[in-house]
């Protein structure tokens, strides 16, 4: 089996994370997973949604967008037509994933909004958003700790995400766009820095998959998120 | 461990499927999974979406809704505020699941729309919709075969779905609303009549879960969908 | 003159009202007028719209919807395209009709929302919604009286509704869909249990009608609503 | 009984109709019913809605609007918030009323859009719109006849409309805003130039009304529309 | 060069301003600039937008609309499709222009909404709206002064507006629709009664223009707004 | 007078233009004007809007957006609330400006969409978008010429844009955000590479400005756009 990208079956694309790319945001980074590039910013607001007021707890939420020519064919701007169901599904996934890292009671009545804006897409934008979103969130909380807004760290564990799929009958790690378009199954795994599973989304595109295949995909994802965890750590030094 | 419903950890709620409940639809049923009741209708249209014209292939799609007082507290009507991201996510899941059963080339340029309208909700509405949606789809295609619109059966396998979760530390089958609200994890499994995995959606609500727990959930789902497959078969006799 | 339904000119369809069909709603019923089936639920909320706060008075409002395949040809879901003018017109009619039964001062600052969801349509859905909506409202208020939330009954009179029309030149009672599509005029009458007129809506579809014809339609409506009043009473025992 | 307007119970407000007030429209007028002022324009389009193409028949439709300060308190602009259900209900009533005057086959595949824009409101805007809308429509069709676009007159009868209501227990003709706000019932009658009933809309605001009262309202409406018919005739000379 | 309107290059259309045309509004006028007719109303509200509360300052804002057949070809009603970008741009221009006349601190926490509704259009609707809007605003503030709601005049200067353009190579004053459609450039000037420039909007339609041409357009605008200032003064006597 | 940026009154911020930053777009660049950063992409589509079909002419249009944290305080995402009037006004300005450079007949029936997405904002985003948008457009057309889709260059002149304003009573070039917030007037100038004026937008924020001041602003803009023209030229080598 040869992947279009010539990568080994268990080889991720080159990933880089550049921190502090935005002069306004409390935390930010530009994550590049091969040709997929996402700007992640974390914005701190000193109030929580109405239904949380008075609970003493904070909130973390995420939004996701693409510039129109992030993709091979220009997509209509969502500001013109409203957010698609796909976009809403993705941003809810990012939000859930990042919330799983945070002790909301320790955060206090603060809301952090993580925006993930894809400026170039080549597959795996939702998983890159989670991995980069964590870095932006971590940087924003570091700032709050440094400024004595927070006194104890609300982040309990790091998180990263990767996709795996079955391409030409073989489980492979980190699908790019061409591979994804031809994969039989596309699975996204969100895994913490201590190996806990936060989210599994496995979808058979045409042919149902077997439990054995699913286990192989999971093992690849564990390898990938271990590598991402180290890249996140380096970016945060 | 005692479940609020007093069921065994691997015991589903009582499920019934009443076929042909709608005088207009080509296929329809009322599925009751305990107190969760869903009307499923399959509507046949003799044309496909624009992007499929001329391909010789058909399409199956799904929509999902709830009447406002399906839930314990009345929800605002989506006709007034638009479909939520949750609704869009669910109906895309139902559509993908049902499409996995169908050979679109054998269906020909026909579109079948499966509507799943929840008239009473008590947890597990999306999985009930898939299980009942399959029966409505099967009935509609039976009608097309009988009327000689189709000459060979486009359905290649049956499909059903069930949720599992970790309640009080124990993996359990088929969460009702009270259990779901207190579960640590909520996973939905869509599995074909031959045991193929069509979709896995596992979400840790508060605490990440371990690979071992995930395997236990999967095994419960296999037991549950085997039982649902038999109930579907009885309803279609 | 022969009606397509083979009914006499002054003969209603068979009507049944099954109370308490919904486990969550304070009041509910399933009304069947021939093949027109509507689920009516009454939801009690302990606050009124902003403009009524502090007046000491309550409010009753109604909403109306159809599942997409309630009709012979599947209609697009209103959650996707917004409520049509027809829907808004109907739900305002239902709301006005039900409010005419209630002494708002005796209700106190409580809001009751009556939802009428058509699960199968064969003509006369708006009048069936009023007739069934009254039963749901009555049941909800009975519950409030029993639970000592209310101490005196705010309902001053019952209400029901029926359509009449001129079919093949003859005034007839209770048009079904086929008759309605071919009627020269379609009139809806909302009449209280004591014979007061709450609402008259008469529309000439193609040919204007005469005052004499209108009187004949009115007399049929009086007969029909007298029968409906008795069916409501039986359902509420 | 004294009406706030000091009019007799069967006395209409002063009505004037100024034809041809708009330089662009094929037909237009400014109708003043007391302080209610409506600009009516009829716009001819040489194509019909899609569902009518090839039928050889034409179509007449209406739209209704108010400038924001037409009313005592400024209303939010509908261009900002969308058309209300009330607006949609009114414009459908105007459209149905005007269509009842026209033989669509004789009109041919032409669409006439009648816009009724209220520039000052003091009650009775929907009935003024119908009465003025007929004049605009008549003028537009006169132009088509004169220009030999049409060869035989598609208008079969004139139409006008008036409201009546029960004020302080007495049936009165042509409610203005103050009377309307305090009336027990508000009924709108659309009646042709030959006395045929096109539309009756009777609504009890608080107290149901009796059949006798309804007959009295109807008789007042016949008197009023007879007077309006003559004012329309004068404006069209 | 001959203008289609046969006017001199520096000749405005005949302008009339009729004050107090609306019975409800605190200030109103009907401005006619040739065949362009606009109803302007000023509505006083005793509260300001949320972000201004407690500042002690007032606010003036404007909205703009057209009835559908104001134009040669009927335009779709904005209440049906939402306000276009063009409409929003125009109403923001009118608002900015009128605010430039007012000392908000002297106005106090009052909001004045100026609505400009075009009932017939023949070019120059936005500049007519500013010129007429000023008169409506002035009348509303006169009323507040007379009623002792205000004690010192918040209006510091008058304002009016005119368009100029290059037609057949020659700068001309006050373009009507036919001229505007064929002009190489269209510039709008908003100028105070003391000659201060409030707003300049110059757009080359096809060919960029030179600084010299721009100066000529400006000089024409000064002449035009001087004339408009006198017409405003007469209308306010 | 000291500018907050310590720049001379006629000194622009440092401007850089990096071409070809997007792997998918036919033309693209990242323009940085100080801390204002905009990604510009030009997307070629081989069809024109419906109203241009068959004319043999092409079209150039522009869209504008900001990521939510481009600004000091996070703005709500336009995909969630729709495009504001400000956004529509800006994108129409960009589109008009770019169209002024192009001979549409020579372009042929091709549509080029220029997207300007602000990833960091510090004042002057609309003028940076025009200056960068021209470069993206030029690169896309170069590609079409190289690929022999076009045979003669449809671009007739370059274009760039800059803002000027009166800060502390002195006309200054190229306002950044802090200066803009405190300027008495804000003017945008769009000027071609041959000195033709394409667009002038001058707005007095609080105090009207004089003709002399306006001339000074214009002269600064000429200096600024001359410098931008050279930076564009360098980026396109």
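Note that the chains take the letters A, B, C, D, E and F in the order they are written out, and that residue 1 is the start of every chain.
Throughout what follows, contacts are C-beta pairs under 8 Å (C-beta built on N, C-alpha and C of every residue); 3 or more make two chains touch, one makes a residue touch a chain.
Remember, predicted model here, so these are calculated numbers, not experimental data.
Its interface matching that of A-F in over half of the contact pairs by residue number, B-C stands out among E-F, C-D or B-C.
Across the assembly, the mean Cα position most removed from that of chain D is the one of A. Look at the contact of chain E with chain F and you find the same residues on each copy: over half of the numbers used there are shared.
Between chain A and chain B the centroid-to-centroid distance comes to 28 Å (mean Cα coordinates, whole Å). Centre to centre, using the average C-alpha position, chain B and chain D are separated by 51 Å.
Centre-to-centre spacing of chain D and chain E amounts to 33 Å, using the average Cα coordinate of each chain. Residues of chain A in contact with at least two other chains: 83. If the chains shown are joined wherever they touch, the resulting network closes on itself as one ring, and no chain has more or fewer than two partners.
Order of chains around the touching ring, counted from chain A in the direction of chain B, is A, B, C, D, E, F. Looking at the complex, you find that chain C touches chain D at residues 83, 85, 88-89, 92, 96, 100, 157, 187, 191-192, 194-204, 206-211, 214, 218. Contacts from chain B toward chain C in the complex involve residues 22-25, 28, 35, 39, 41, 43, 45, 63, 65, 67-72, 74, 77-80, 82-83, 87, 113, 115, 117, 119-120, 122.
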